[in-house]
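Labels run A, B, C, D and E following the written order; every chain starts at residue 1.
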Amino acid sequence: MNQLGFPLVSLVLWLPTLGALALLFVPRDNVATQRMLAFGVALVTFLVSLPLLFAFNFGISSFQFVDSIPWMQSLGIGYRVSVDGVSLWFVLLTTFMTPLAMVMTWDTVRQNFRTFQLLLLLLESGVIGVFAAQDMFLFYIFFEFTLVPTALLIGMYGGPDRVRAATKAFLYPFAASLFMLLGIIGIYLAHGQQTGTYTFDMAQILASRGFSATPGATGQPTLLLTPTVERLLFGTFFIAFAVKMPLWPFHTWLVLAHEQASSDGSVDVLALLMKLGGYGFIRYNIQLFPEVSRWAAPVIGVLAVIQILYAAWCAFAQTDIKRLLAYSSISHLGFAALGMFALNELGVSGAVFQMISSGLVTGGLFFAAGMIYARRGTRDVTELSGLWKVTPVLGGLTLALVFASIGLPGLSGFIGEYTIMQGAWLSTALGWRFVALAAIGTILAAAYFLHMYQRSFMGDVTPPNANLVDLTPREIGILGALLVVILGIGVYPNFMLGPMQPTMQQIAQVLGSAVAAVTP
Amino acid sequence: MELPQVDIAVVLQIAIVFVWAMGMLLAVLFVKNVRAIGLASLVGTVVAALAGIPLWNANRSTFGGMLALDNYALTLNWIFLGITAITILISLDYLPRHGIEQGEYYVLLLFATGAMMLLGQGNDLIVLFLGLELLSITLYVLAGFAYPRLSSEEAAMKYLLVGAFAAGFLVFGIALVYGASGASNLTAINTFLAQQNGRTDDVSLLLVGAALVVVGFGYKIAMAPFHMWTPDVYEGSPTPVAAFMSVGAKSAGFAALTRFLVVALPAERAVWVPILAALAAVTMIVGNVSAVAQTNVKRMLAYSSVGHAGYILMGTLAGNSTGSRGVEAMLFYLVAYSLTNLAAFAVLITLEQRGESAWSLDSFAGLWERQPWLAVAMGICMFSLAGMPLTAGFVGKFYVFAAAWQAGLIWLTVVGVVTSAISAFFYLRIVVQMFMRSPAAGVRPVIDRGLDIGIAIATIGILVFGIIPTPIVDLVQNSIVALGQ
Amino acid sequence: MEYIVFVVTAIIAAVGAVAMVLSKNAVHSALFLLLNFGAISVLYLLLRAPFLFVVQLIVYAGAIIVLFLFVVMLLGAERVEDTPDSIAWQRPLAIGLGILLLLEALYVAFSRTVGAVTPVAQRNEDFASPERIGQALFSTYLLPFEITSVVLLAAIVGVVVLSKRSGRVEQAQRALEHDADGRSEQMEQVMERVG
Amino acid sequence: MVPTNYFVILSAILFTVGVIGVLTRRNALVVFMSVELMLNSANLALVAFAQARQSLTGQILVFFVITVAAAEVAVGLALLVAIFRSRRTLDVDEVSTLRG
Amino acid sequence: MSNLTWIILLIPAFPLLGFLVNTFFIRDERTAGRVASGAVILAFVMALLSIAVLQAQPEPAEGGRRIDYILWEWISVGSFRVPFGFLFDHLTAVMALLVTGVGAIIHVYSIGYMHGDVRQVRFFAYLNLFIFSMLMLIMGDNMLLLFLGWEGVGLCSFLLIGHYFDRRSVQPGINPSGAAVKAFVVNRVGDVGMLLAMAAIFSRLGSLSFYNQDPMLDGRIVPGFLAHVNDIAFAQLDLGAFGTIGIATAICLLILLGVTGKSAQVPLFVWLPDAMAGPTPVSALIHAATMVTSGVYLIARVQPLFQASPTAAGWVVTIGVLTALLAALAAVAQFDIKRVLAYSTISQLGYMIVAVGMGAVSAGMFHLLTHGIFKALLFLAAGSVIHGAHDHQDMRRMGGLRTKMPTTYWTYLVGALALAGIFPFAGFWSKDEIISYAWFNGGRPVGAILLIFASMITAFYMGRQIALIFFGQQRDTTYTPHESGQIITVPLIILAVGAVIGGLINFPGLHWLSDFLHPVFATPGAPPVDETYTLGQGILAVVTTLLAAASGYAGWYLYTHGAVARRVRIGQPDPLYRYNGDIWTGAEIGWGFDWFYDHAIVRPYRTASRFLSDVYDRQGIDGTLVDGTGRLMGRAAESLRGAQTGFIRNYVLIFLVGVVLMVGYFALS
């Protein structure tokens, strides 16, 4: 079984679903019980997920805590869930953010509260599933499934243009990930034809692509693809993840979705900021197709740089805080993409760090935007003014988050950005030119974020803003918890980078040999 | 004169259905309660289905190889009977509500079921032709069953004229095939082809005939460009009949087409695969793209059923290439698609008022607030049709794509993927209406027990087979076309 | 001799068919169709199919055409095409396509000598005598034969159903009335069940 | 002995005429007659092939086709009568309310 | 003693603690001030103790005692290993003393100055955070940790400039929040240089640590990059169309970019004059004494890099001289008391940059120290003036305050003399050292002459300022000026004493500072400081001070006597404007850098961002590409719907098309 002799990952994965089912039995009107139940389930899930970290074996580069049950055996499909150094952090991020998001919804969702909680819990399961599933078929199922609660949450509880936002947030990634289905089928068949075993098991497929379970060792690839096939397969995954992540120019749906998603930020955080696409890039594109990754890296690097600058530039013009945050998140993801396709240990680690950090920081900012909206009824910075004076705690915590997002060293945002830049600089695929341009993004980030902060939180207090109440202890708790983590991993990032290393070493090694194979 | 030896087991299910139908016909004379006749017919389908269980792995044929009973046919029989059962369930209250309550409805339904089973089991062009015609004749009547409602009559007439036209081609095709090979038995045709040394003139003639036969079946499965009748007929027919046609007649058509291609023409695979693949692509594109502009949900479902014909056809095409799982993929898709479409049409029935505007997209608005479970069920159906994971529709699509890819039809899978993406648009529109808009005034869903059970069975089936497809997968994997190959 | 008979009957059949399509009056059409059917039955004789010759005459000429004529006259629908054709553009297209189809057929018939169609060495003038056909129908072709019985039964049921018009209208009215007063009650029940 | 090909060609011609009839005529009854013509020409081909093959199957098939055609005509005419009663016309172009 | 090395951790620990306590627990304003001041005083004490500990360390073979205390590995990915470690050597010690010492005085001063002001608790918390960040900056044992402090002080600068964020504007017409944002963003431009420099250093030298470090937990040693600078001395980087550039030069220029940001050099100095929107103690501490000098510290710290690249060093000197001159000229034209000092600071920073750019590190550090003292003094005294003048900052509203505020006057005068470089005040010694190094050792006589000229202007504007504030008649009589309380004047006096005797630190012949710093910069085995003094140096010193004195007197005289003095009126331009016209205006607006940035960068950027967001993104990408695909589908669907005419004959026709195709295909295949 696994090192615990206990299906821990499965437990983490299915607890929210069980909670969602349990919610069905709570009477529709009993909001208090619904709150406690949903929050309790989310919290318990988080607590249960912590042992994943404590029991994690830092010396293994492949999957741990493996739960494997045959499912459709004749097709080689299995229920296989587990984590490795990369997915571990995404799982923990999800379980950590969900209880906070739950608490955020308590004040904002007035109608159909039960359904909202239920969908959030389902969403949590789905997202965890994406990170934990190590069977391509299962992965695809979770990957697509998350769209349903996402679309419903946006469409049922969103802003005035919610229907369009929900439609787009569903259709665009859905359409794109259908291509991934093709890619999955293609790999499955190629693997079956070449090795004789028809399977969707990621561990097996990775092994036959040259990944070894022990860090430092080099495996022998047995699944060999012709360059054309490999590029096409890479392309199918790329489209899916590029839209999902999103990469420029596939990003517009995300902006709209963020803008229209329910004001409290819960959906933004759980559905839109969880970087399923970025995770997919690392797990599938880079690990499965090292050679094509190397081939495509410069192009994707260019896209990433454009994304960093373009999104930051667009963010500057935004007056809706959530739209601004959406662009900011896109800009951050540009860094993540740059790091991934630096194709070295530093870059990929930095990318993972950046995505986690972006989830925390931008998530916190979305919560903060929700808190502003709950008080003021608008997120338009032209109507806000002097909030820092009226609500000092909100102002202070928001400012801390803003600076974390800008990339102040000591907070989490910087670590990711710097390691990415360093990685990209050292990368044979990218190089310093990319970094030089990407670094400009840090200026632009400061510009748009502080511009926003200046307009909404600083300045004199205009009458409509004069009588706002400051944060409640509960809200302080939400942002405080986030800030503690942000500061914690900013000051001691090795906490996260350490467990990642074995996996990263393996990735770097395989990529390295791919590089060696390509360079004449 | 000596009557031939007949293997009763092979015809058992068909016989049960026909005899039951005749029994019902008698009952119509004496029993006033139409509902009771419906329930009795339901029992008939169950009996027939149960009768098939011991026949698993029988793999026998009778009547000189005209009728085969392999697992393929058996599985199809169960699918057909299931379709009929659910159709009966959703018709029970539909008929009186719309003032068209006549016992003959169920009789015709049973006749159609028998015809479908003939198409599944038939291994001879004569049987296939007769089965197809029997199916058509009953469906003409069923489509027009809501006369004097104009749309129903119009549907029947359109179906009739196009059907008769197609029948002409089918007969001519059979004539050519027969002329070229001297046989009407599929196995014999295969043998003939195998004996021919290369592309003789006879083979050319046979191929032209085969083309016309495919046209005849293609009309039944609503393959483009023989699909044009579909939206009009579905819209005009009484909704349960439309549901029945969209899944039953289509499944039967596929059953026959697949058997014809797999048993009779495997040797000419290289010839028919490209053209049929092209038509499958056109079918998917036309069906799904046309549906985008529809605001009439019934028509939208009709177009979508055209699109799905393309996906199923992918399975058929992958059919008998080496190592491919085409046939089983097709069967799985049929199961998934049948459950889903039946449930979707059933939900339509609940919304159907006396007017005909009830199928407009707006009548779905806010359904979730009025009838949460109904909305959830419809949502599941839509997601299943779109191929969303955790529903049977997804597994079906996956299966079909994988089979087609394996058979080398990669470009076709790309078309499939693109059209699936397009289809998600209009399926999602219904979900959006149900969950994200406020309720429309005036539309009050009416649910009765038959519909309840029908929708529940189908929806649960969609979910269960989406999450645990193993039973169906095992079933279809063993449902190979065993006879005649 | 047979050639002459064939050519003559073939011409009659073709003329009948074309005239059937061209005549404005449905009655004329039916009669031309009868002519065509008759010619075809003669061809059946040429092809040594006496049984089908008879069946053709009885069923088609005797029953079907009569039925057509009957319906045409009953409905008075001899001339329904006096109004201008709203899709007149279709006519040339249709003819063109038809000719294309014919060309394809002729191409197949002429370009390839359809080898297997060449007469079999041993010819038996009596291979399709009514006795043989009867025996075949009740032995080898028992199943299709039985199916045709079902087809006919289904057709009968269908015709009966489609003709019970008067009862249907009353029923529809009843349902309408029921609908009017039963609606609210029904709704209440539904609401109860769901709530 | 007339070659089978001649019959087949005649049959094809008649078939085409039938097809054109279906496509060009608006009187539902005539359309129906055209369909019957199509079936008949197919029958002719079948009989010709049966003769050439010296096999019964073709003729038996024709028998079934005739039967089925009769059934179809019965149902079809019943339907046309019903429609005529509702719409007072047998022009197929007028039966086009379902569209789009 | 060596096991006491952890004591260096206490230096930043106390301010951090002060910050945390003030943030989370203290709500009382007086307590906040005391806690904050206490924390910094304790840090000062710890710094002194640390120096003692440092001196007690055994001298290593390669020379240069230092304490390196690694707390944990900060980032460790593959070969990229950055420790979270603190460094304490002689350079750090000097900086730490300045930061904590001046910091402590300013903290105490703030208690009095900020009395009755808004948000005092926050103010003191920020001050503590600043001291902590500044200490991180100077104590970080690698570039990345230094950068943490570097950005940290930037943050504090933002917070403190924006202290009056709720006001639309403060004197002299600055929007505090805007100034804060501007300061941070402009600094960010420089920080990009830092980021890239770090990335380049690591990729070329394999480490970000300055010096070889103690083994890490797993026994691996992170080497210092400064020792390996020679590896890249001749390495070239291909810039494609732009030719090639030396690696070392590139790195140095990137660092220089960072320095121009943080140390307010041309062309990124524009934020500093606006930074005067913050409370005066903040200006004194951050924008005069400490934070802005971090660039000087940085160049001193990575001196080997600059030595490896004469080109870059030349650029540094050029930038420094240019800044010194331009800023000095700009200072002449200011009327706001703090703005004069702000430009003066920029100018003096230019001197320091010149010094470290030439390699005269100890001279630069010397000036850094003395400037830190006397400029803090001047700012605090200016604060006292502002206080006494009822929050007026416009010098045209002052005049004749000498009698009303004697202590302030005398201390201000001392500061001004020190700044002007008048013998024997502190500024004279340090400035002279730089100029003479430039003339004699650095081989840059032109630079030296320009610097002398700048120093004359310095004296001139200080004379002008003294005259405007303290002499003549009070021009705005709406308020009654008064002397400040002891809590303000005592720090002034302490600093004034420092300004007088500060020169002793590196008095010629004593050269304590040079000795002290020597181990940091000396290459192993080099002889100890050997300073000989030539006659030329003496003459230069005399000439310089005489020139300065003369121009200072001229400035004072012009604005106290005669027509010019009478024409100084509230709201009117300076009388000298008549003679200089546009040049004067140019000086007044800081040579138009702001205007240029606003028109060339900010406005186009803003316009383009609106275009990108509202037009390109919304209508272009989303509207055309994404929605366009949908619309295309819709249109295709509509046309397909059009084919569905409802006519059976149409359907049959299409049916027949299919048949013809099928039959044709099968017949021909």
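Criterion: a contact is a pair of C-beta atoms (placed from the backbone, for glycine too) under 8 Å apart; a residue touches a chain by one contact, two chains touch by 3 or more.
On a predicted model such as this, the values are computed, not experimentally measured, just so you know.
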Enumerate, in label order, the chains that touch chain A and chain E alike.
-> B
Give the chain pair, either D-E or B-E, that is connected by more C-beta contacts.
-> B-E
Distance-to-centre winner among chains (Cα means, whole assembly as reference) = A
If every chain is reduced to the average of its C-alpha atoms, which one ends up farthest from chain C?
-> E
Please report how many Å separate the Cα centroid of chain B from that of chain D, as a whole number.
-> 26
Distance from chain B to chain A - Cα centre to Cα centre, in angstrom | 43
Interchain centroid distance [CA atoms averaged], chain A/chain D, Å | 64
CA centre of chain C versus CA centre of chain E: separation in Å?
-> 97
Would you mind listing the residues of chain E that make contact with two or more other chains?
-> 641, 644-650, 652-653, 656-657, 659, 663, 667
Mark out which residues of chain A touch at least two other chains, giving numbers and ranges.
-> none
Two or more partner chains touched - positions in chain C | 86-87, 90, 94, 97-98, 101, 104-105, 108, 114, 116-117, 141, 144, 148, 151, 154-155, 158, 162, 165
Which pairs of chains touch each other?
-> A-B, A-E, B-C, B-D, B-E, C-D, C-E, D-E
The residues of chain C that touch chain B in their complex are 104-105, 108, 112-117, 135, 138-144, 147-148, 150-151, 153-155, 157-158, 160-162, 164-165, 168-169, 171-176, 179, 183, 186-187, 190, 193-194
Residue ranges of chain B touching chain A (in the complex, touch as defined) = 383, 386-390, 394, 397-398, 401-402, 405-406, 410, 413-414, 417-418, 420-422, 424-425, 428-429, 431-432, 435-437, 469-470, 473-474, 477
Contacts from chain B onto chain C in the complex sit at residues 1-4, 6, 11, 18, 22, 25, 63-64, 66-67, 96-102, 104, 107-108, 111, 114, 118, 124, 126-127, 130-131, 133-134, 137-138, 140-141, 144-145, 147-148, 179-182, 200-202, 204-205, 208, 354, 371-373, 444-447
Which positions of chain C touch chain D when the two form their complex?
-> 2-3, 6, 10, 13-14, 17-18, 20-21, 26, 29-30, 33, 36-37, 40, 43-44, 46-49, 51-52, 55-56, 59-60, 63-64, 67-68, 71-72, 74-75, 77, 79-81, 83, 85-87, 90-91, 94-95, 97-99, 101-102, 105-106, 109, 114, 116-120, 122-124, 127-128, 132-133, 136-137, 141, 144, 148, 151-152, 154-156, 158-159, 162-163, 165
Complex contacts: residues of chain D adjacent to chain E | 19, 22-24, 26, 92-93, 95-100
